[in-house]
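In this document, chain identifiers A, B, C, D, E, F, G and H correspond to the written order of the chains, with residue numbering beginning at 1 in each.
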Amino acid sequence: MLEKNLLKLLEQIAQGKTTPQAAMARLKDFSAEDLGVASVDHHRHLRQGFPEVIYCAGKTPDEVEAIARAIIKRHGTLLATRADKKIYQRVKKLAKAAVFHPRSGAITVEGEKRKRTGLALVVSAGTSDLPVAEEAAVTADIMGSAVETMYDVGVAGIHRILNRVDRLSAARVIVVVAGMDGALPSVVGGLTARPVIAVPTSVGYGAAMGGLSALLAMLNSCASGVAVMNIDNGFGAGTLAHKINTLPENVSK
Amino acid sequence: MLEKNLLKLLEQIAQGKTTPQAAMARLKDFSAEDLGVASVDHHRHLRQGFPEVIYCAGKTPDEVEAIARAIIKRHGTLLATRADKKIYQRVKKLAKAAVFHPRSGAITVEGEKRKRTGLALVVSAGTSDLPVAEEAAVTADIMGSAVETMYDVGVAGIHRILNRVDRLSAARVIVVVAGMDGALPSVVGGLTARPVIAVPTSVGYGAAMGGLSALLAMLNSCASGVAVMNIDNGFGAGTLAHKINTLPENVSK
Amino acid sequence: MLEKNLLKLLEQIAQGKTTPQAAMARLKDFSAEDLGVASVDHHRHLRQGFPEVIYCAGKTPDEVEAIARAIIKRHGTLLATRADKKIYQRVKKLAKAAVFHPRSGAITVEGEKRKRTGLALVVSAGTSDLPVAEEAAVTADIMGSAVETMYDVGVAGIHRILNRVDRLSAARVIVVVAGMDGALPSVVGGLTARPVIAVPTSVGYGAAMGGLSALLAMLNSCASGVAVMNIDNGFGAGTLAHKINTLPENVSK
Amino acid sequence: MLEKNLLKLLEQIAQGKTTPQAAMARLKDFSAEDLGVASVDHHRHLRQGFPEVIYCAGKTPDEVEAIARAIIKRHGTLLATRADKKIYQRVKKLAKAAVFHPRSGAITVEGEKRKRTGLALVVSAGTSDLPVAEEAAVTADIMGSAVETMYDVGVAGIHRILNRVDRLSAARVIVVVAGMDGALPSVVGGLTARPVIAVPTSVGYGAAMGGLSALLAMLNSCASGVAVMNIDNGFGAGTLAHKINTLPENVSK
Amino acid sequence: MLEKNLLKLLEQIAQGKTTPQAAMARLKDFSAEDLGVASVDHHRHLRQGFPEVIYCAGKTPDEVEAIARAIIKRHGTLLATRADKKIYQRVKKLAKAAVFHPRSGAITVEGEKRKRTGLALVVSAGTSDLPVAEEAAVTADIMGSAVETMYDVGVAGIHRILNRVDRLSAARVIVVVAGMDGALPSVVGGLTARPVIAVPTSVGYGAAMGGLSALLAMLNSCASGVAVMNIDNGFGAGTLAHKINTLPENVSK
Amino acid sequence: MLEKNLLKLLEQIAQGKTTPQAAMARLKDFSAEDLGVASVDHHRHLRQGFPEVIYCAGKTPDEVEAIARAIIKRHGTLLATRADKKIYQRVKKLAKAAVFHPRSGAITVEGEKRKRTGLALVVSAGTSDLPVAEEAAVTADIMGSAVETMYDVGVAGIHRILNRVDRLSAARVIVVVAGMDGALPSVVGGLTARPVIAVPTSVGYGAAMGGLSALLAMLNSCASGVAVMNIDNGFGAGTLAHKINTLPENVSK
Amino acid sequence: MLEKNLLKLLEQIAQGKTTPQAAMARLKDFSAEDLGVASVDHHRHLRQGFPEVIYCAGKTPDEVEAIARAIIKRHGTLLATRADKKIYQRVKKLAKAAVFHPRSGAITVEGEKRKRTGLALVVSAGTSDLPVAEEAAVTADIMGSAVETMYDVGVAGIHRILNRVDRLSAARVIVVVAGMDGALPSVVGGLTARPVIAVPTSVGYGAAMGGLSALLAMLNSCASGVAVMNIDNGFGAGTLAHKINTLPENVSK
Amino acid sequence: MLEKNLLKLLEQIAQGKTTPQAAMARLKDFSAEDLGVASVDHHRHLRQGFPEVIYCAGKTPDEVEAIARAIIKRHGTLLATRADKKIYQRVKKLAKAAVFHPRSGAITVEGEKRKRTGLALVVSAGTSDLPVAEEAAVTADIMGSAVETMYDVGVAGIHRILNRVDRLSAARVIVVVAGMDGALPSVVGGLTARPVIAVPTSVGYGAAMGGLSALLAMLNSCASGVAVMNIDNGFGAGTLAHKINTLPENVSK
């Protein structure tokens, strides 16, 4: 599109419809964005199916509503995270298709149902990790990934995950959410060859230090190839899982 | 293979060649590994093309040589990390194909040259980050990924990375290595839709705190979908990059 | 039981009642749990006398009530920690035997009074440490240990503990709860040959850092053989004390 | 014994063999130790079989030799930790029975072989954890516990520990040694009802922070009843394991 | 002035109007302030145009009103930071010219409009950084600097700042406000030769640690010559920016 | 120049010398650098008078010599930091004008003596802070600032700095270097209206924590408008001091 | 006294009034407290003039009232810290002499006015440090020290403290209270030969880290002989100041 | 002395021997030090008996020798800390009375033996704390305090300190040196009414964190009125102990 516009402008010069000076003036108005770096924004569209995600924490219902209206109008699809029921009611008025995910506080709108691809598996250790796990799952789903979940399979009852090893193998990418000792990604990482994205949660008290304990454990995972997100960052994990899940087939050289 | 053995045993019972009691005794000797969880080890082979990587730090040359001999004999391929010239000379005697990568201290042996697939791009901020960047690149390469590198493109001279945006787009997965302010993954993450694996390095002094500064910055990257490895963990980044890079094509449902 | 089932299956093959292929299919469906690791859950029952403890923080009264009803029905015995009066009233309706321990917020139900064994002694330094000390004492008691307490014997008035040295000697295992300087476990550890479990509390302000000060002091206890629990983790200390207290007699070889 | 002496003194007064004033003088010379608190030292003898353990770090060979000579002379048995070959040679001259444990740097002397009782199992995650694991095992052994070891069973290859669940069940107390993610105690704690003592090691780099990562993970273990020792404190773990292992049988009330 | 007074006193001695002893007494009463250090306070006036800034956090409306009244009466100009609407209404009654800046909670009063000089540019990364950015801008403005702002130009969309490089060049001093990864000052520092003052904000969650992540990143900026303020300290940044912005021309020697 | 080239290209289209398609291809090859961002590098030259500073730590004498040769050849001026005598001897061979500053390990080369402007004052607290203070002074000097120093004026002997208040007033910008309690910048900041750049040093032991104590104190300076550099970063402070010191005169609007 | 009782008992044996066995039983009942260590409690009375101080935080008004009633009845004098108006009203009913100190929340009761001795000077940096400074002053005063205060003399206006150097010299012991940069104790310590007790306060935001910044600075004070209390611990500082202030005259040997 | 000089100058004006202008010039040369703040330095002499203490760490033998020569010449008395044998040999040549204290590395010179006054008691927990304890004892002694020591009385063997409670009571001020759990000051503080100065040492490993564990424990001591020095700062403790020990008798008002 950009190239098309640019070529059109150059052709207008060739055709004498525009003077070089006038074209020059227009080119100078072209921001760096217009001239190649613009792919940034274009990429953003491509990868998410909607231009922006609303992080509701610290925004008033009015502010969220205004942004949501603009996004839904243009794209029909929406993801808003860390919202509450109050904000949901505003969005519901804008779009009947709005769904509220109460554990994570995420709101999704999907104008017309699109296909999902691949398989991103979201695994979590305990019931308290569910808000973060749900945020990851909802994010990957609304972006276009097929998502499955496997909750409450913490390592203190190791048979729970062992009984479902086949489901690990079926996934293309695995998000593992855990607080406290952050041990689950190490076990999962040892049971699968798929990329593992570990998300520490702020679950726990005392020396859990708001998730720092789980974060450090995951960074030091004895299973190789485990990558870590910020504490409670289910959204980031879901986004990355979708990016990985939707990679095209590779070609040997 | 496992199933084959198991089926054979069951058929021997059916054929009266083995009593149920004798079969029972043998089945009890089957470790959990034999009965399904065994996929673990099998996976490890599949994903790396060689069963084990030697982490040389804290091992004597004798110990490394013994392990390396066993691995090369069985697989023909080897990766040893955090080695020195002394250890390299030992390995060189075992395998003429041994190559020493002096910045990272990695040793690779590749019996017969295999094909590489996809593209993993390793980007680093400063010259001091090279040992870690090289470890990531060497790891992904020996495992079977096509690897390119883009070094010394730190954000304080932002045009360096902007001039090569096309190379970012060409990659399937990008490893970004940086110390000090750890700012590069945020910029790269904003310029590409590909998965970004950030590796903080222990480069810097004072409040760099042995890489903690870069680690925290990367965990808090304002670009969504950036995952983080432990400080200086180039090996882990290379492993994960290879896993992501070699994912098969996805299927929509 | 497991073995019995397995043997039966094998015999059916021998007797021609089942083909090897059909048996194979059933064996593959056997989860890892079925094949030996299942003892895990069984152990949990054995060691606690009730299958699960309800950690009420972050759960609604409805959720706690539902879980409590199921547990009481099956076991008659219950431990719920970090509850409040509101939750207690729900549990009281389910079981007349319900008792609320107001300092720690623990709820216990003991259908019919069981015997207690051994002696677990819970020692605490100051009055502010009582909630955690009570949680440890209530936990060990409901699990089946005989429990005694010795409160408010902090080291700044060292005669208080010295006057009761005999009671230390009478115990099989000692839980020591302290905040601030965390000094009490070192003194107790020097006065007894029994296992000492130290629990730091988040009591204090300023450089107490939410219990970190006491935690570090206890980890560095100059009395050998003192083990440490997480900050404020009275439940964990009570559980471990009960495990130690109820060990069977040892046999020399 | 103490009481006997005291009673004897009082009887001498009654018999006129000693004046009240002379008895008074002797009683004043009785230290607090003599009057009840003295049990402290007596306990120390009872529980270890030898009065003192030599922590060699920071002591010269001359100093260690002098202390070792005194201990061996009186007790025939010795434990010296964090020693080197140089110190060992000194001790070897003092006692032919001296044994050097090279991984941990421990030296033991056992005049005449004593019986061992019970079973303390020492489990470790990786080969780099061996020095600490060995220190724990050697300590519990020389103190009188029967000790078994299960090394290199880290959670990234979970089948390794699952295959030996029966050995976990056979132990009376389990010491679990791990660095990096410190995940092993959580898995072991879920597989056994026995007391678990977790020892973090300073193994790892970057965000392992000299063992802090493993320490925090262990304090936050999702398996209940796991107690934690200081980083690298194999000696403390061995001491506590022996205390727990040698508890007499319990009596129900 | 000081010298004049002192000389006058000395001349009175010479003229016999004062005895040495009486002069001595007066000299002893001269505080250190009278003897040269007094310039301190004078400087404060000179540099800010008003004697004191009111930090409202922790002060009652009554207290703020009393201080504000005194300052406005004497100077006509006022800056109060971290105030709320309630406090603003009090100040509004004192001075009609009072303006409330709602994002930062700053109140300014400027009796008669004064000229502004130079150019201090305040740049911020995200919308959540606005309160701190506004505090910096308002502070520099009321002190007498010409101020421009460039908001929402975080590095994850690098084209946003690249499109306005000319505005960076136009400034004499640049305040860069950012939370989370704190990467923006490094990019800005590489794009300009002007002094850069970096202000970390407490924006973010998890490993952002209340701004510590951004603070460390900024202290380790790979762009040379970036100085850092305390977390959220927009006021300090505005003050320093004004000091730098209003330096007189330099003279070569 | 850029615009000229671009206009020329557009005119060639207008003149039919180039087709729109060919022009399009050339425009696409224009890197971002060619289109305005290129000023970055030009700025770097302008602001320092030499293109690059050599940070010698971690570089071999050969590497430093190669870089130094290139820089001296093109610019005649050089700054190399954290060097040692060995490296100095290499540089001395390249340039007779090379000077070694032994406390900081800085090397400077100034082909022909240039004028210095303004006044940057470097103040330090104790003798152990001298290496960092010297690095700051040498850096600002070689970049073109007139530099004065005032060493060993720590706050425990407050009269030392009070006696030289006039020298503080004479400076345009003040660098204050201190370790341990980091108190000096607060005192200096209260005695002057000039911009103050604080540099914490890693001097001290125990709770000094490698300079963290001084760093935190400086970030929390009770004197407003004090900006802080990384621990031991004398080079950064000198660079910033020079930038501030050489600002042109301001114009009121 | 103790000795007298003991001797009497022994004489009763000698006189046949008591049998050795009966004496033995009584001796065993003698707690450690009876045998010399009992001085502990007695000391507490001697040094403070009242047996206990009530730390009200976390206590209900009922609890405080009960304790206060007991103390006032026996001693007539009372110190209660961290109280509020509600608690004060309860105490006021118990004792008309009760005084509420609103900044610190301390309550004092002094039945009949006692003499004060010596001079403890409490110095504070800013107005926000007043609660802690007042707690120190009230504590030392009610314990019996003559107390003077010098508030708002922070180092950013160094002349404020310099003008009152004579008052520093007049004190026997100086408590210095400061938050943020914690610089004041270093300056005071350099201006006086008296013992200096430094108290960090939790005043500040961002990198002040709840007083940690000031705490570290004070521990690293460049003035020798400055001792430090816990953050916000005005009570501890007042207690220690009183202990030091009331030491009797020393005797040369 | 200062006043005398000043008065003399004023009299010379009165007598016409000096003109006001000439006096003015001289007065201007008078530094702030000359006019009252000068007492600072004078105090330093008074309180220590020698003007300066040499901190040898980081100084060459030549530098130490030069400073030592100057001090010994003027004062006859010397304290040098953190020295080694090499430095000692230099000082020994300067002064035959030089004594080397090998544990702490302190060197003292006392020209002619002076009287000691009062009693400062230095208590330490373990043998590894001796270097710091000795530094405190040597410092207080050479400054003029009578010093006694009580070593190796850690709380794990509580009877050791209980047996010597009388010696605690005899002291005017007590320095308590301990590493690891830092528990000893709490016990000592509870056994005495005297001022207690706690010194944490960097003894220990793992979570001892270079003394941080002991430091935090001491700051949170449950005994009121315990003040804390920096880690390993025996010199500071000795200095403060001497200041407290040598306070003159107090007068009631």
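Here is the rule we go by: contacts are C-beta pairs under 8 Å (C-beta built on N, C-alpha and C of every residue); 3 or more make two chains touch, one makes a residue touch a chain.
Just so we're clear, the structure is a prediction, and the values are computed from it rather than from any experiment.
Chains touching chain D and chain G alike, please list them.
Shared contacts of chain D and chain G: C, H.
Which pair, B-E or F-H, has more C-beta contacts?
Between F-H and B-E, contacts are more numerous in B-E.
Farthest chain from chain B, going by the mean of C-alpha atoms per chain?
Greatest centre separation from chain B goes to chain G.
Could you work out which chain's C-alpha centre is the most distant one from the centre of chain A?
Centre of mass proxy via C-alpha means gives H as farthest from chain A.
Just give me the whole-number Å value for how far the CA centre of chain E lies from that of chain H.
41
How many angstrom lie between the centres of chain A and chain G, each centre taken as the mean Cα position?
56
What is the distance, in whole Å, between the centres of chain B and chain G, each centre taken as the mean of its C-alpha atoms?
60
Among the residues of chain E, which ones contact at least 2 other chains?
Correct list: 32, 36-37, 40, 157-158, 162, 190-191, 206-208, 212, 215, 219-220, 224, 230-231.
Quick one: which chain pairs are touching?
Those chain pairs satisfying the definition are A-B, A-C, A-D, A-E, A-F, B-C, B-D, B-E, B-F, C-D, C-G, C-H, D-G, D-H, E-F, E-G, E-H, F-G, F-H, G-H.
Once bound in the complex, which stretches of chain B touch chain E?
125-126, 154-158, 162, 179-183, 186-187, 189-191, 204, 206-209, 212-214, 216-224
Taking the touch rule as given, give the residues of chain B at its contact with chain A in the complex, in rising order.
By the definition above, chain B touches chain A via 36-37, 39-40, 43-44, 46-47, 53, 115-118, 146, 162, 165, 169, 172-173, 190-195, 197, 215, 219-220, 224-231, 235-236, 239-240, 243-253.
Would you tell me which residues of chain E are touching chain H in their complex?
Listed in rising order, the residues of chain E that touch chain H are 3, 6-7, 10-11, 13-14, 16, 19-21, 23-24, 27-28, 30, 32, 35-37.
Show me the residue ranges of chain B that touch chain F in the complex, using the header's touch definition.
My answer: residues 128, 157-159, 162-163, 165, 205-208.
Could you list, by residue number, the parts of chain D that touch chain H in their complex?
These residues of chain D touch chain H: 31-33, 37-38, 40-41, 58, 200, 202, 210-212, 215, 230-233.
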